[in-house]
Amino acid sequence: MEVLTFVLSLGTLYSIYVILAASMELEYGELGLPNFAKVAFFAVGAFTVGALSVRLCATLTGVALEGEFKLRSYYYATLLSARISSNPLLGLTVFLVTLIVAVPLSMLLGILASYPALRLREDYLATTLIAFSEILRVITRNYEPLLGGTFGAGVVDFLAWLRSPWRELTMLVLCSSLAAGIWFIQYKLSTSPFGRALRAIRDDELASVAYGKDVAKIRAWTMAIGSGMASVAGVLYAFYIGSVNPDDFTVARTFLVVLMVTVGGRGNPYGSLVGAATYLLLDRVMLFIKHNIPLPFDVNYFSYIILGILILVIIVRKPEGLIPERPPLTVKLNKISESNIIQHNTEK
Amino acid sequence: MSLLEVRDLHAGYGRIEIVSGVSASVSDREILAIVGPNGSGKSTLLKAIFGLCKVFTGNVFFKGVDVTRIPPYRRSLNGLVYLPQTRNVFESLTGRENLELAVRDVHESDFRKRFEGIITFLPEVKGLLNRKVKTMSGGERQMIALAMCLMRTPSLIMLDEPTAALAPNLARHVLERVSELRDEMGLAVVLVEQNALTALEVSDKALLMVSGSTRFYGKPQELLEDRELVKTYLGV
Amino acid sequence: MREPKSMKLDNNFFIAKNISKSFGGLQALHKVSLSIPEASLTLMIGPNGSGKTTFLQIISGILKPDDGRLVFKDHDITSLPPNLRFTLGIASTFQIPRVFPSLSVLENVLMAAGDPTPNPMRALWGVDEHELIEKAFNILKLLSLDHLWNKPASTLSGGQMKLLELARSLMSDPKLLLLDEPLAGVNPALASRIMKFLTELKSCRGIAAFLVEHRLDLALKHVDFVYVLHHGRVISQGSPDDVLEDPLVAKAYLGE
Amino acid sequence: MIEVVVGALVYSNLLAMLSVGLNLILLTCKVSNFAHGDFVMVGVYTALTVSTILGVTPYACLPFALIAGGVISFALYRVVFEPLRTRANLVMLMVVSMALDIILRYSLHIYADLAQAWLKVHTRLFLFDDFLIEFSGVKIPGVLVFSSLTSVILLVSLYLLLFKTRLGTAMRASIENPELAEALGVNVKMVFGLSWFLSGALAAAAGVFLPFRAMVSPDTGWSMLLPTFASVIVGGVGSLSGSLIGAYTIGVAEVFLTYVLASLGVSTAYRPLVSFSAIITVLLVSPKGLSGFLNGKGWKPWKS
């Protein structure tokens, strides 16, 4: 039984990380835009759930919310989850509504965040975006009426109508199918003419403009798509954890995603799958050590150090990542050889 | 024995060959002028001799030693110096600091002695010592750059278009000074020049490059008498 | 001064009027005017630093002129960004080839075709690029690059990159090609092939080309009209023979 | 009110040492060094360890902190950044420095755990004991006097090193044009290594004074980092004297704005917003910082 829950939660976490890595891959790996505010868009999804799920559910069931939100949100989350256990439709409504609110909100923010790229060098752009994500965190952790500040906010269990382990299994199926869909979108985009334009802009922005591409528009599109993806991950994460705490959304999380993309291989659509797996594997191994081998300090620290060293080694020794980018990505080989173009050529 | 000898040099950047098979030699107290249309590989040839670009085949001998594979700064210790066309001075430093930097391995007293020697040749430099290079005009910058080279007590100096971006009268003045380098300082000079006619007047040898290879190599007078030169420049 | 045979400024294909540009205190271009007729080869020459590349970058839209107007087929394109000029039919190449190193040769060529902002929504359903690929292959064949189609562009030699730039700019069926030193760093055999190729484009497809070039020996015999730039001014213009005999030109090139 | 002024001055002194060091690395190696805050914590823990063992005031541990910060910083340059100098792009270098931030930060966490058991003192959320110094009847907190003295002495020596010695000339030359400097026989690698040493040492020196004003833990370095970036960006990247102005602008603005807002009933926890929004505003409006703005160059896009 314990093994089953372990596998189920591992799969759910992996799905969430794949979504994040896929969105980062699109923005940073393909377009070369270092979106170091990734955690902010992830947080938009989670914060929407944190701010809305209890309130929405209360409105729908006619429960009046009393007292300070920061002190009472967990209480109401439990209370309302009990309502959902007898009313599956209510749970699904909460899930869908939060998703429908979070994604466009995040996309809009993404378009806004694509504009500094017009005038800033990459490293200053990255610094700006980091500052942006920290602003979001500082505001939410201190503005208590929204998310309960440092107390965090309770989140209703929209799958409360299912019993364990069916609840966890459904969560996994939901997360993994969303992740598969999002990864597939990323795959399709990067192997289409759109992906070609992205890599061209990454390689040489000026030449892309000279060959007719509207760089600002393409960047805005990409940031919108990537941010939408990240917010889906945020919504799933909030429901998976069961609460939202602003301090969970620090720059370190952005860095983890950058790490996944760098390890997996930037510019390769499969990189996000491998990168997320590598990170999770390492994380779990460390967790295992923590529980089984006594050390005089918290082994979590050690796992972070290993992560840091890993990324250093990869950047210094194998900067292209575990699966390097290989052209041509956007032209199908079999299609080419089918046409007589190649045959004609080989006959010569 | 000649001071510098280049044998069948093929050089360029990355995979692109820009100099294809040039041979030449320079003896003591001799000026070699390298002329030719833009893009014919003159500057690349100088860089190849100094070791700043890729040499595919061929050799460079300096003072009889094959220096093709040794790093640039060691060539400059041996007495071969190179004055690039652009970015040849440190703009954020003063004139004195630039000179000090050129000979930072030298003792203070030696520095002073060398400096005295240069001042007699380039008296203008004296007034530039305490000014930041970024406040100087193009001609003044060239003076500092030349002084930096001379502080290293070279036996051969390679100049890449020292008159580029200078007003015509100033350019002529600079080229006259180049001949003084030979006559007064006793140096050998390799000169790449746009102002072909003036450059040929002051030189002892001429190399005409077109599209990376030698079109003419010999006495400047012969080149000047040849109507071919003018036509080569304009491509007929 | 001999009156140069001026080209009539009444064609409505491409006209640049009184283009001026300065960087800091340096006046790089001073009221340069010229016109390029349809289906012609026009050459601009001049010593180093005379402002040729600056002028070319102004036509392609990378730089903005301080003053003056550019008219292309009755459109005022003076303030148009480069990507919109490209869609109008002005394609330009760079002096040092700027291929997209991580794309394949074929992808590089395809980049120049199709939508200026490829719709990400359409990507999900798959895009049929069959015709474009065929067209790209035909262009690559013309320039004998087709056997390299799936190589990353970063592995090409310098000359091949030059050809790839040319192939890329042909992909959009341009009306006017702007070429910045297409022959620099190219061996003589290839250089004369490129010039012949441009002549063919002119006569068969009616494509006009405007070249900035140093290699006069190779370029001059193919072109219809020559402008000579010196210190940011047009000092001479006319047919190749006229310009060669102009004493001002010799002076500009040889110094005093 | 006096407390606020003292706080602002001490904080600005620390930011000055930090931002000059950060800018030095940006100038030489083009690294936006996100591990810079951790050198502060190296200084903090060196001071804590040495002062506990020797039983002296943390002020006396300044030399140890300088050396520890400098040596660690130099070592990181030699092992990591020097091999990457000519081949990594700007964002890669930034990612590398973030990895180093993680390595250093969690190494310090481990050290804090070990030191707690070994030294039997609190290694998290501790404060150093300060004392008052009397100047003609006025009592001044020691940290104000010592941090001001230290930052003035260190920054003046840095100025003298850069502008009055041959080594400094070589350093400035290498910053402007490393290829030419190398051709003239300057050992550019060592010169850049020196800049890392100086940067780390300055940051660690700032670390000695930090626990006199604020409770620290190994994560505190991060909270010092973005205000440091803000100081550099406000003063203009590439101008060391600009960083100095930026540090005092950000330091004073942060403390006083928070004070004003607090008196209006707004939580002091919003304090970091001052420097975060300064980063965004300055980069978007005038990417070359205040100096660029004053020269009228600020409005042009930074990107070339």
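Each chain gets a letter, A, B, C and D, in the order it is written, and its residues are counted from 1.
The rule we apply is simple: a contact is a pair of C-beta atoms (placed from the backbone, for glycine too) under 8 Å apart; a residue touches a chain by one contact, two chains touch by 3 or more.
Only a predicted model underlies this, so the values are computations on that prediction, with no experimental measurement involved.
Student: Starting at chain A, how many touch steps does it take at minimum to reach chain C?
Tutor: 1
Student: Go through B-D and B-C and name the pair with more C-beta contacts between its chains.
Tutor: B-C
Student: Where the centre means the average of the CA atoms, what chain is farthest from chain C?
Tutor: Farthest from chain C by mean C-alpha position: D.
Student: From the C-alpha centre of chain B to that of chain D, how far is it in Å?
Tutor: Taking the average C-alpha coordinate of chain B and of chain D, the gap between them is 45 Å.
Student: Measuring centre to centre with CA averages, how many angstrom lie between chain A and chain B?
Tutor: Whole-Å distance between the two chain centres: 58.
Student: Just the number, please: Cα centre separation of chain C and chain D in whole Å.
Tutor: 50
Student: Report the inter-centroid distance (CA atoms only) between chain B and chain C in whole Å.
Tutor: Measuring from centre to centre gives 34 Å for this pair.
Student: For this structure, enumerate the chain pairs that meet the touch criterion.
Tutor: By the stated definition, chains touch in these pairs: A-C, A-D, B-C, B-D.
Student: In the complex, go through chain D and note every residue touching chain A.
Tutor: The touching residues are 30, 32, 80, 83-84, 87-96, 98-103, 105-107, 109-110, 113-114, 117, 222, 226, 229, 233, 237, 267, 269-270, 272-273, 276-277, 279-280, 283-284, 287, 301-303.
Student: Inside the complex, what are the residues of chain C that reach chain A?
Tutor: 60-62, 81-83, 86-87, 91-92, 94, 98-104, 106-107, 110-112, 114-120, 122-124, 126-127, 129-130, 133-134, 137, 141, 146-147, 149-150, 152, 168-169, 172
Student: Report the residues of chain B in contact with chain D in the complex, numbered from low to high.
Tutor: For chain B paired with chain D, touching residues are 52, 72-73, 76-77, 82, 84, 87-88, 90-93, 97, 100-102, 104-105, 148.
Student: Going by the contact rule set out above, which residues of chain C touch chain B in the complex?
Tutor: 47-49, 157-159, 181, 184-185, 187-188, 214-220, 244, 249-250, 253-256
Student: What does chain D use to touch chain B in their complex?
Tutor: By the definition above, chain D touches chain B via 166, 169-170, 172-173, 175-177, 180-186.
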